[in-house]
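Common to both upcoming complexes is chain A, partnered first by chain B, then by chain C.
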Partner chain A sequence: MTTGGGDMSETLLSVEGVTKRFGSTLAVDDAAFRLARGELIGIAGHNGAGKSTVLNVVTGRLAGDAGTVTLDGTTRDATVPVASADALGIRIVFQELSLCPALRVDETAAVFDRSARGTSWRTAAWNHLQTVLDEMFPGHGIRRQQQIRDLSIARRQMIECAAAMLPGEVPAKLVILDEPTSSLDASSTESFYAYLHRRAAEGLSAIVTTHRLHEMIDNLSRLYIMRDGRIVSEEVAATSTKESLVAAMGIGGHEAARERTVSDVERPPVPGDAPVRVHIGDRATGAEIELRAGEIIGLGGLEGHGQVAVLEALAKAARSRLPGPKRTLRQDVTVDGTVAYVSGDRGDRGIFRYWDVGQNVTIANLKRLSTAGFLSRGAERRLVDGWWPKLGIKGGPEDPIVSLSGGTQQKALMARAMAEDSDLLLLEDPTRGVDQSTKEDVYALLRRQAAEGQCVVWYSTENEELRHCDRVLVFRSNEIVAVLAGSEATEDAILSSSFAGAPSSLSGAS
Partner chain B sequence: MTQSVKVRSGTVPPPTAPKRLSVPGGTLGSWFLPVVAAVIMFVVIFAVAPAASSYLGLSLLLSSLLPLVLACLAQMFVIAAGDVDLGIGSFVGLVNVTVAAILPTHTLPGILLLIGLVVAYALMGMLIAVRRLPSIIVTLGMSFVWLGLAILILPTPGGTVPEGIVSFVDWSPPLVPGTIVAIVVVTVVVALFLNRTRYGAVLRGSGSNPEGIRRAGWSVVRTKMALYGIAGLLGVLSGIVLSGQAASGDPNIATSYVLLSIAGVIVGGGSFRGGDISPVGTVAGALVIGLIATLLQFLDVPSSYQVGTQGLVLVLILVLRAGVTWWRRRVETGGLA
Partner chain C sequence: MTATLAAPSREPVLTKITRSPALPAFVGALVIWLATWLVSGNGLWGTLAIGASVATYLVMVGIGQLFVITSGNGGIDLSVPFVMTISAYLGSQVMNGDDGNLVLGLIVAIAVGIGAGLVNALLVEVVGMPPLVGTLAVGFTIQTAILVFSSNSTGVPSPGLSSFVDGNWGPFPIFAIFGVLLTIVFAVLLKRTSYGRRTEAVGQSATAARLAGIDPRLVRAAAFVLSAALAGLAGILLAAHAGGPSLELGTPFQLESIAVVVLGGSLIAGGRGVVPGVWAGAMLLTLLVTLVNVAHVSSAVQNIVEGLLIVVVLAVARNPVFRKS
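Up next is the complex of A and B:
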């Protein structure tokens, strides 16, 4: 599955000399690329390389400073914004979620689907959306009466992807997907690209940007690499490797991506007087898992199969004030030690958006930073200064947190939790929508914490990154179905254990 | 339609497994509790004072509530936009003064002024959307403008409301009191519009996530204008009905509506998150708030205790709602969260 199919000779989109400047920053510098009808291409680059900006100019949401965009034979001046990309036949899936939490699923469908009219508008819109959803994500489990608020992030993302494919007033020629799969698990991602390929065979083109490089290599035909606002190279996906792409993107000041060696993975856990002991008892199998200090534990498996519930149960147990062993009332989880939690929903449950970065880091540690109830500014500053060099964040701690990119915000949130010096560190999908070099920073931070004796437990929707763990617990239907050593935790191994014993019809889904 | 493939299988349901139907109120939960509370209010009132269930008793009980119900619905449209309207009280007062002091002598200018007030509300929404101003400040500022205008028109309470409006408000059809007919009709129209039309969904969505609605190709300025314009229309209706009952004008007649209407929307299952409102719940919330005072009188609670008790009952309802939400979530997640 490496080609987009279709007639490569027929150009659908051709972008020439697009330039865009924000103040003194040259966000996009003379970018040019082309896309054939029925082709699926990718644009890769680090955060801030200019991917989103160039795509915004292509869709006409943003006025460029120079350049032309030719879509389906019609050339337009890139310096003039377009009121509705929809009318041009361009559909966009945005990186940040753009659904309304207060609406039901069928109402959401109708907001996107202008063709749904009349008294049964909800049914009509839902039928259209459901058709796409069923094709794109078989077994998605989304029902029309559900409120968006009650859906997991992954299911919301499924709806956004599907909504872009709804039949509109103008048939879609080009779909632009910005991190469309950041919250999706491996099998949903695979069925999503399978759907894209089917649509591409019918003549639809797509531009994908994602930090999941292997996804681009496996599913797209060509990749444009952007660095500092420039398109620096064009690669054929079939002959690219993750390493070659990372090299082309330019690591700059970041630590080079490195493969962990087996010896690195199989570092023995800190033995002896382990300050943290976690039991996760599995009622169904009777298996009991004990986590030790200094271990990095990954929770894997398909999205929504109980990983987050276990993280929350661990946090709850650790915070229990009941006498006796620290455990929750309803789960078979016992925790010995203190806990810090990094939530998966940065915007909603993570950052304090009106505060600066420093305040966002210290907020969880105010007790330690104050004497007799008064906050010590000096102690606060020492804590921030101590963490700052480890984070590698550009700018200073006085910058507003919202001025940072999502990945950098994530690092600040991790620093907040790590500064708590707890025995147990829990993280919910810490690398969602984060670029490769920031991911490496995140892994390094986790390794450092583990080396200092913390027990790190994290959940990831990206199976590939779970090899950074000492042990991986694979979940299915709220049960731990396999425990893999980090060195064995390949994508295939995790996938096959996630599906072990599942109905055979599943193979049709992937 | 059934799903052909079941990814989630096994003995334990996944955390997001649907279990909602077993929960009281189900997916429509937000209006359930306020309606129950309103029904309980009626039952207790009828038990304490059986005469209240007669045609005349019901008319007396409810007629004083109709303007508050309309004001709560007006507030609901602003809260649906993710905003708060602190000017609705003096706005209703301005309508009352217009009806009592201008309409009897200058009918056409009076009608034009009332229409102009609705337009002014829509323009206020436009200003808030275009300039991204905080609604609390804008509506608070405008509340003084409404009050100032009302005082200009009628410096001291007085005036005479036209006979037509008084008798229209006193309309007594056979069998069912006119107020009940009016409440039912208004509730049904508003609920159908907000819940069962596509633009109603877009309006709620625009309060919930304006950026999302904008990306889907709708004008967020227009949705804000629609929400505020409808709020203005309901405010004018509230003022007209209130005038019919009071029969005279007073700029300060409805100042208590500001907080009562916000309380009505919130007790009625709404939240300040935007887009999260229930028309049926709001009407029930308005009835609960209005009936608490009546009930306390019937129960012979000393008047000095009444205000405090009224507040306590409201807090109790909100605590109950939080409890139901907690329980619902626990049932839904299968006890995992």
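Up next is the complex of A and C:
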């Protein structure tokens, strides 16, 4: 799958000596790299390593402090920002999804597609977008009349990826993709890179940054590794392994060691009569699944097949004052116990952007922190201080939440939910766009919560993560088509049951 | 990129003041206060005392409006002037100029407000109408009731209430002190109670609030009830000041109640409310009216000046160039 021979052909982009400071922080330090026409390269590094900053200087969205950028033979000074990267032939897909929620899909297409004019501008724009979408994500299921806010986060990401490939006034020479697949499942990711390779053969170049290291290894030709603002090494993807990249990115050896022992850690079984009782009854198959305290339950399968609906129904069932099961499309859900919810869609479903970190942590626990409705500052501070060391968050509780990186925000959201001390912890793809070391922190937190008797229900778009679970429920078309034990929950097993698993395979489970 | 800030110790008071979103409105109010004093020759304190007393009505409805706006979802309460007027009529009718009926009259005025607020909440949160339309519909319905009722209404507020809103306690106007106390109470409600915290949370992201176990509809419904209850109380108090209810009693408050919230530094889209800022906005608008009155300019000029001032204050408050600390 790797594009070889990039070095032989003509240079498209050459970056020399780019440096950028934010206050006292040296975000990018003398970065230099090059990219050939038709080559797909990656930039890897932790959150905060400087990946996004260097790319922002390259595209001219941000003025650097020094350096030059040569694109297609034209050299420009990196200290001067550029009004429109589009006009240079550069397209960008942002890490934080940036579509207007109130627009329809065809109207969104027109935002990206300036050529769509006249009375049938929606149709023209949609036709262009649909062509790309069909090729990039066959069977995407996006319709032109849908509003962006009604689409799942994965479909919104598909639209962003496809929109970057629309033919514009200046043909695209270079596409910059910042976590383009963070919400996509394995099959969409595969078809996305297949599309990228087809376009690369026509001469398009791309720079990808993602925390999904295996994606880079499988699909790109060369990788630049960034650490603390510097490009520390250049690797050939074909000869790299996840371990070698992790080592180059500077996660200490102990992190890697911890990761290996994860699945071997045996938690003591919690007795079945523990207080939390969760039933997921599948109306189609009649099967019932009971979740127990101290279990980590994974929800797997392709994205958008009913996993989030089950999570939301669990939350609703636990918080409802009316007794009786809550329904999703296919399941009846009953919960006996309390819940807390963590979403990986931090911007829309997680953070409160005008508040500091401390307020963001305490918001779900106001009842415990107040007497007669009045909040106790002391109790609030004690709660935050109690969680602070366990999370390893940089900075202090009085920093604005938006000043933190995505991974750090996610840790604060985890603290919010775990401080609730609920019977059930619901997680909606909590490691989306989060770097490897933060992921490891999240896994460790979850194991500790389960060991303390909490029942963890965890939806992930990364199948690889689900090996941390005791049992994995695989979803297809809103149905639970398989229940795999943690040891069986390999990526292959999950994928094969999410495509081929018949509902009957549920028998024998649970 | 990693903004590794050393945990800041408590912010210095001065920084807190210079970064307050209400600062431009307070400065504007101060400037107009001094200008009014120079033009009118009423004395520095007298100008302030009268202004504060009159501004308190606007502060009351502004605080209610602030809670509705801060709870987000395009929250706005356009029924405020109509609720004020009908409460003024019904409260006056019950009081009928007798101090013995004072408490009952106040209860009726507030109850009318609570009723209107519940209908607002029902239309917006259960029926699902946009707040702008739902509250305006309620307002128009009340308007009809006012027209029917006012034709044979004879009641006036009790004299005790009139001396409360117009009286002085030494050099201090009693009503302005009441207004300051009310502001403190609601500032505490917004910033120091669980309800206030939930209001700002829902205003920032209703979805995130829902997932954190908060029911956004209940929080927003409470804001509508609070706003209308304050409007009902302000209506009967204003009638006591004016010597009786009138058809146009509430009219100026419809847009001014919104203007003072935004001038005071609260976000119009919700999520962040600045209760003391309502005072700044209300003083600004009230003293401005006094200024143009004593300066004997035409009402056309008055409106131009008022509009320009709002633009200037908001431009200063919103423009990041001015907001660098």
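In this section, the second predicted complex is superposed on the first by the 467 of 510 C-alpha atoms of A that agree within 3 Å, B and C clash if a C-alpha of one lies under 4 Å from a C-alpha of the other, contacts with A are read in each partner's own complex, and residues count from 1 in each chain.
In the analysis below, a residue touches a chain if its C-beta (ideal position, glycine included) is under 8 Å from a C-beta of that chain, and two chains touch if they have at least 3 such contacts.
Owing to the predicted nature of the structure, the values given are computational and were not obtained by experimental measurement.
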item	value
Chain A as common anchor, with chain B and chain C clashing or fitting	clash
Touch count on chain A, higher of chain B and chain C	B
First, second, both or neither for A:E10, with chain B first and chain C second	neither
Chain B versus chain C as contact partner of A:D77, first or second or both or neither	neither
Which superposed partner A:E234 touches (first chain B, second chain C, both, neither)	neither
Chain B versus chain C as contact partner of A:R319, first or second or both or neither	second
First, second, both or neither for A:E452, with chain B first and chain C second	neither
Which superposed partner A:A309 touches (first chain B, second chain C, both, neither)	first
First (chain B), second (chain C), both or neither touched by A:S403	second
Clash-bearing segment of chain C, relative to chain B, as chosen among 19-27, 37-45, 127-135 or 163-171	127-135
Touching residues on chain A, where the partner in the complex is chain B	84, 86, 92, 94, 97-104, 107-108, 110-112, 114, 116-117, 121, 130, 134, 138-141, 143, 145-147, 150-152, 155, 187, 284, 302, 304-306, 308-309, 312-313, 330-331, 476-479, 502-503, 505-506, 508-509
Chain C-touching residues of chain A, taken from the complex the two chains share	22-23, 25, 27, 48-50, 52-53, 229, 315, 319, 340-341, 343, 348-355, 359, 363-364, 366-367, 369-370, 373-375, 394-399, 403, 405, 416, 420
Complex contacts: residues of chain C adjacent to chain A	1-8, 192-195, 197-198, 200-201, 204-205, 207-209, 211-214, 267, 271-272
Chain A contact footprint on chain B (complex, rising order)	1, 3-16, 18, 27, 197-198, 201-202, 204-209, 211-213, 215-218, 273-276, 332-333, 335-337
